[in-house]
Amino acid sequence: MSLTVLYFAWLRERIGESEERVETSAATVADLVAELREREPRYALAFSDMRAVRVAVDQELADLAAPLAGAREVAFFPPMTGG
Amino acid sequence: MSLTVLYFAWLRERIGESEERVETSAATVADLVAELREREPRYALAFSDMRAVRVAVDQELADLAAPLAGAREVAFFPPMTGG
Amino acid sequence: MSVRVQAEDFDLGAELAALRAGRTDIGALVSFTGLVRDVTAGAGAISALELEHYPAMTLRALGAIEAEAAARWPLRASLIIHRHGLLHPGDQIMMVATASESRAAAFAAAEFLMDYLKSRAPFWKKETRPDGAHWVAARDEDEAALAAWDR
Amino acid sequence: MSVRVQAEDFDLGAELAALRAGRTDIGALVSFTGLVRDVTAGAGAISALELEHYPAMTLRALGAIEAEAAARWPLRASLIIHRHGLLHPGDQIMMVATASESRAAAFAAAEFLMDYLKSRAPFWKKETRPDGAHWVAARDEDEAALAAWDR
């Protein structure tokens, strides 16, 4: 499965990219995070405390248990601070 | 004692005046209302249900028991409906 | 902090712009504008609204209400404008604006100003409807809203 | 009902005037405007604020928040405008406006929109301060404000 993965705010800065294509067979968001952590220290650092990370799957807020079957876009970001 | 007495909204319409000078020895607002009621039916009608009437003494909201010693202006009006 | 009572209309946008002009200490600006509606529930179409007030008491009452809001919340600025005289559907009746560091304070102060003003500022509305002109009755829920601030 | 996300500034007065233009069914119009402050409590002076967002998600999230408000209160009109990009102290960040028959509905809907937007619309703020640029942390009280609407 090929996913577009997006990073915002300090997650973007720590990982050093705003967007990348990821080939994965991860079944859930948590599986995808585990895969990314294994890749390089910058991912492990960015995802070191998942309580500080929010996730959207196909532009809808989701949690770590959310399935990725059929998903096209996953975004990681800190809690929102608009308004 | 000489008081300026003001009427607003439907109290003004029922009594037919917006302002008058009243010579009175009333000790309280309630006494003044009793005196006015005795005067003419239009006052008795306007003051027939005092639950529907609000009072200000010298431009401050007051109740029927408020003393009139030293007062210069008493106003009668229905509950306010601004805003 | 400012209070005005006037027959003329006001420019809501210009008032809000003036309130924050040249300032960088305001995080939240809330405004409320009251407008003449053309219908009252159950009473049919309204063609005009006459606003009577008690001039000697009005500024004093509005000033006291604004001072009470400023004592309860850390306001950077506030404004109350209330019109009197003959208005028509769609016309602006009044506005309040509150500026604070935080949105919670600005919202709470604006609602407080409105709740107090509704029941404690000496204005009375008379609607012209198909069945004649009628003084608007005060609503129990307005008194209840006011009482809630003292709880 | 309308949602806009833009880098450009907006004219608060013109937006509020447009919201009620030609209408006579609005009794209450509430607006909230968020502005860049030059100080954050305990963190010193702010010289700039960078607003990042997630474009593909932003309009969807704001539209969903507005639809939820419209389902909860009898709104005649509503508007959300949120800016992104580089802002400076005194600049407007965003606005919401709600129009209803009654003030209680207009106030509640505006506060609801703000509480949801704060924690559910994909915007992130980065402040430039004397000690560098810092991402603004989400506040527990914002999540608490949001949770209160479900009680």
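A, B, C and D are the chain letters, set down in written order, and residue numbers restart from 1 in every chain.
Rule of thumb we're sticking to: a contact is a pair of C-beta atoms (placed from the backbone, for glycine too) under 8 Å apart; a residue touches a chain by one contact, two chains touch by 3 or more.
The model shown is predicted, which means the values in this text are computed figures rather than measured ones.
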(message) Along the graph of touching chains, what's the shortest path length in steps from chain B to chain D?
(response) 2
(request) State the remaining connectivity among chains, in groups separated by ' | ', when chain C is set aside. (result) A, D | B
(message) Using only Cα atoms to place each chain's centre, name the chain farthest from chain D.
(response) B
(message) Counting only Cα atoms for the centres, state how far chain A is from chain D in Å.
(response) 26
(request) Measure off the straight-line distance from the CA centroid of chain A to the CA centroid of chain B, and report it in whole Å. (result) 72
(message) Could you work out how far the Cα centre of chain A sits from that of chain C, in whole Å?
(response) 48
(request) Would you pick out the residues of chain A that each touch at least 2 other chains? (result) 83
(request) Check each residue of chain D and list the ones that touch at least two other chains. (result) 34, 103, 114
(message) Following the definition at the start, I'd like every touching pair of chains, please.
(response) A-D, B-C, C-D
(message) Considering only the defined contacts, which chain C positions touch chain B in the complex?
(response) 34, 51-54, 56-57, 60-61, 82, 93-94, 114, 117-126, 135-138, 143
(request) Write out the stretch or stretches of chain D touching chain C in their complex. (result) 11-14, 16-17, 20, 22-39, 89-90, 101, 103-104, 106-107, 110-111, 114, 145
(message) Show me the residue ranges of chain B that touch chain C in the complex, using the header's touch definition.
(response) 6, 8-10, 12, 56, 59-61, 73, 75, 77-83
